[in-house]
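Have a look at the structure that comes next, please.
Labels for the chains are A, B, C, D, E and F, by order of writing; each one numbers its residues from 1.
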Amino acid sequence: MPLKTSTWFILFLNIYLISASDPDASQDFCIPRSEFSSIFLSCKNSSLATVEDFVFSGIKSSKNLNKTNRFSSIPVTSTVFPGLNTLGMSFVRADFEAGGINVPHYHPRATEIAYVLEGKIYSGFVDSSNRVYAKVIEKGEVMVFPKGLMHFQMNVGDSIATILGSFNSQNPGLVKIPSAVFGSGIKDELLVKAFGLSDKVLDKLRKQFT
Amino acid sequence: MPLKTSTWFILFLNIYLISASDPDASQDFCIPRSEFSSIFLSCKNSSLATVEDFVFSGIKSSKNLNKTNRFSSIPVTSTVFPGLNTLGMSFVRADFEAGGINVPHYHPRATEIAYVLEGKIYSGFVDSSNRVYAKVIEKGEVMVFPKGLMHFQMNVGDSIATILGSFNSQNPGLVKIPSAVFGSGIKDELLVKAFGLSDKVLDKLRKQFT
Amino acid sequence: MPLKTSTWFILFLNIYLISASDPDASQDFCIPRSEFSSIFLSCKNSSLATVEDFVFSGIKSSKNLNKTNRFSSIPVTSTVFPGLNTLGMSFVRADFEAGGINVPHYHPRATEIAYVLEGKIYSGFVDSSNRVYAKVIEKGEVMVFPKGLMHFQMNVGDSIATILGSFNSQNPGLVKIPSAVFGSGIKDELLVKAFGLSDKVLDKLRKQFT
Amino acid sequence: MPLKTSTWFILFLNIYLISASDPDASQDFCIPRSEFSSIFLSCKNSSLATVEDFVFSGIKSSKNLNKTNRFSSIPVTSTVFPGLNTLGMSFVRADFEAGGINVPHYHPRATEIAYVLEGKIYSGFVDSSNRVYAKVIEKGEVMVFPKGLMHFQMNVGDSIATILGSFNSQNPGLVKIPSAVFGSGIKDELLVKAFGLSDKVLDKLRKQFT
Amino acid sequence: MPLKTSTWFILFLNIYLISASDPDASQDFCIPRSEFSSIFLSCKNSSLATVEDFVFSGIKSSKNLNKTNRFSSIPVTSTVFPGLNTLGMSFVRADFEAGGINVPHYHPRATEIAYVLEGKIYSGFVDSSNRVYAKVIEKGEVMVFPKGLMHFQMNVGDSIATILGSFNSQNPGLVKIPSAVFGSGIKDELLVKAFGLSDKVLDKLRKQFT
Amino acid sequence: MPLKTSTWFILFLNIYLISASDPDASQDFCIPRSEFSSIFLSCKNSSLATVEDFVFSGIKSSKNLNKTNRFSSIPVTSTVFPGLNTLGMSFVRADFEAGGINVPHYHPRATEIAYVLEGKIYSGFVDSSNRVYAKVIEKGEVMVFPKGLMHFQMNVGDSIATILGSFNSQNPGLVKIPSAVFGSGIKDELLVKAFGLSDKVLDKLRKQFT
């Protein structure tokens, strides 16, 4: 029995990028059809692509900063910059007020190259044997964060600091440790044991990140 | 001027697996030469490989359990099971006493399939939008942890519980959140801000995981 | 001229997994929409995924054994365990009565790690220079079968034997040599020449495997 | 509000192969549904595939030669030979009249192996340090052009020459230098500076390749 | 204690290609140093590469045919054509006398494109649901054998037939079913059960393929 | 007969990066041993790695500009920034005087994301159907150049312009069209035919780029 067209509609609004994994695509590029921007299953006929599809102007300035961390970021993936679709890269602009931090986090699917556009930033990562590699980097310096390793940053200067990060995946993913651990709803008993925390402290952490 | 043979020796003892990334290898297999087990640069002539190179007997029983977490694991990669070298897989046996936990952790380079050999285990992972997927799984059940996502386990039964995990990388890597965050030496100021902890609590956590 | 909705329906029922090849996916996971389980083109909106999507309970016990070989297996791919979709892994439970065999076969798209859950099994593989690597492995032991190489098993104990196999592909494929060679309809003349068989023996083999 | 079926139709005619990148496919093969040959999103139900899907007869003879270069080629990708879809290979037949040339070009997504079916051909490529590797190759000889490097050919014999090229991508892509540089519409000022050409010569080149 | 130079020598003669798996290499090419042709660990300084490294002349004519099958083949991998190293391709020339056969076999690591240079050849493969795809192909026709699937050929014409096969791996591997199954030393009991053969017939097959 | 140590020395100085292709590495990172910086076969023992290995300070300012094109670039690969080794990324800083150009070129092994640090730049690429995608981009804007496609830039402002480019390969490669075509030594006859140039003009071009 044929489904109703309306049903198809629901089907399509829920189609997500299954298969644009990050190996070589097998065409020059694939601009998703704008009228189905949430559906990365269909490319515009390449003759309809324009230069605008390959240029992005949305990171000229920063977003409003997050009150708590005095930090803001603008991640740019194929969702907002369709030209990136199937090309295996994406990027991010991150801004820090004096003292602002980018909490410990990692990208499950990419290595990151971070270039300091402005300011002095304490920046580092932890390898899988728990050694930290961290130092203050300045305007024009570059730090690399190996794929999947936890990293973090803090503006240690007295003015705004800005970083441009590039990734070798079109969708690197982002796991922020504080909220993933304390804000996701893992059983209290497990967290209390894992971190050796009192219920009181755990409770405080939960409230903060949920 | 030629180097001294002794210098070469040093060179070799420090050679590690650079390039056995996890795509198809281009030979059937590659058994590292046992006399250089820390050097995965050279395969035994394949005519010298034996069936013993492809069989592993080291996870028939558990190791001594770690006092704190009442948990122990035996990771099996090509370092201890040379036959795995270049084949893109590895595995692990994990044992939990009643109440024992496997702290929140992730594998930067692999998806994991966990099969419950024995017991009742609260098991779950957190996706990159901070949603937790967790439940109690029992003997004979299987849970999958997508590549790079943070996951955790706790024995909620009243006897020993055991899991067999398989990975789609010959070296999945392991990042344990508590020690990576609090035991690696990240600047106090950053951690205090990131987790909203008092210096006192942070100090306690540091001691615990360093 | 627009097609009828009914035609679309046919289109969709014939859509198969083209592109979920086994490299990194570019999202955390992709649960196929259950109402189109034969169509791996669309993921559930990830907010609709539940822990049940990532847990599988179908291999707690064995299936009925195949009369001839006193062997049965339950292959678990994303077709029956949707959570595996795009994650690059799958697994299988295999049960053997005393004397039961798993005929020589290979998986075109994966390496296999076989863990003995129960029993004593003569297990081995053949490399591409026709050398066999085989021995009897027991409960708790693991054997690895390199990608694409022919392997086989036989229960040499006097009770049920069970194996858990894991694969580094979400769809490893399976080619059983006896039926592929003698049951697929290859020209008699070619088979007679290739194996140096009499027409009579070939005829017997054909009947058996068709 | 549901879209009209007619709209869907447009959607589908514009769906292109996004994701059949060249890693292992996760099924044996995928024959695109012929009634949607421009839509490589759906495979025929494999039970409907026939041997004809895997055999190609379209390069038994050459096409008409291009007047200017006395050269013609028949590229064979999954567009004309559906059986190649997802298998990571394609090929080409190239014919040269005496003196005919295949202009400097490259394939962004594949290495090429060129086998001389007939004739004597001056053939070569340039590596990324601008060194040329070129010589005359004859019937039965093979030359390899590494992935992405510029290469070229000229029939230096006095009769027809023919080459069979194979690629390790199902869609290698083709960039012909003369038309890409002078026929695509790059700003005159840039080309004049890049090649040190007079406007007059540039103008002549433009006309020729546009 | 430093090893003796002589020991190193042994080390090196046993180094094989571990890591040149088939993804993109990260240089234009890598010509193995000829004085260590069995050691694919070191590339010639690229400035020492010559055009001869990229041209192969060894398949202009056939080898002596194998008595039994009236068949011969010349596989060309980086072992004999060093220029192929790290480029992800290789090829083969196969010659058949009238009635000659290429026994059922498969390549664990590559798809094959077979082009008929001469003659009429019954050619086919079997998919993983045991369906055969076979027909007679003629001069100028092409058949594709999907990665890892079993295939076979027989010259059904009355003169020599020749095929040129190309692979998308630098080392596709080759498993010949008759010798892998009956010539490798798999336990008799298992083979008797797997194929339903009498000990007498099995014995005959063993003799033939060992 | 053992080789002399001195011979080994020669061997090692000519070892290049064969196998660090760009898929996932199978360790966190691999810092090449500095005393053998031209040998990417050996990683420092990871316990000897320091944060300095992961920070690069060499692109804070530009190099001297090239007279002809009023352009300079500083490519940063693992050769100068060892921490990038096996991580699948690299980057470049490019500076343009007013009117300066980056001649048409392509990277055989990577997609590039170009971020404008300063100035107004006419920037574009040509796809494999010879369509150009070009426009003037300004400070803070980003343009993506799909893998393997020819691209180019010109400073159309009246002051210095600077670009930061990131690549998804540790060694993207660089083919500059003018010198690859006219400076590499391709036979005159072929170039004359391919571009329809007079011998006089060709001669001029040759001189310029050799």
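Some points to look at:
Definition applied: contacts are C-beta pairs under 8 Å (C-beta built on N, C-alpha and C of every residue); 3 or more make two chains touch, one makes a residue touch a chain.
A quick note: this is a predicted structure, and the numbers were derived from the prediction, not measured.
By the document's definition of touch, common neighbours of subunit A and subunit C comprise B, D. For A-C, the equivalent interface within D-E, A-F or C-D is the one where over half of the contact pairs agree by residue number, namely C-D.
Here A-D and B-C were compared by C-beta pairs in contact; the pair with more is B-C.
By the residue-number overlap criterion, the interface of subunit C with subunit D counts as different, with under half of its numbers used by both chains.
Averaging C-alpha coordinates per chain places the centre of subunit B 45 Å away from that of subunit D. Inter-chain spacing, taken between the CA centroids of subunit C and subunit E, is 25 Å. Spacing of subunit B relative to subunit E, judged by their CA centroids, is 37 angstrom. Shown for subunit E are the residues in touch with two or more other chains, namely 4-5, 8, 18-21, 23-25, 28, 41, 46, 108-109, 124, 128, 131, 134, 147, 149, 173. Chain pairs that touch, as defined above: A-B, A-C, A-D, A-F, B-C, B-E, B-F, C-D, C-E, D-E, D-F, E-F.
Interface residues of subunit D facing subunit A in the complex, by the touch rule stated above, are 2-5, 8, 11, 14-23, 41, 108-109, 169-171, 173. Across the complex, subunit B is touched by residues 24-25, 28-29, 46-47, 49-57, 59-61, 76, 81, 83-84, 87-89, 91, 111, 113, 115, 117, 124-125, 127-129, 131, 133-135, 137, 139-147, 149, 164, 166, 168 of subunit C. The touching residues of subunit C, counted against subunit A in their complex, run 4-6, 8-9, 18-21, 23-28, 30, 33, 36, 40-46, 85-86.
Interface of subunit D with subunit F (complex): residues 69, 99, 101, 103-104, 106, 108-109, 122, 124, 126, 128, 130-132, 134, 147-150, 152, 154, 173-187, 189-191, 193-197, 201, 204-205, 208.
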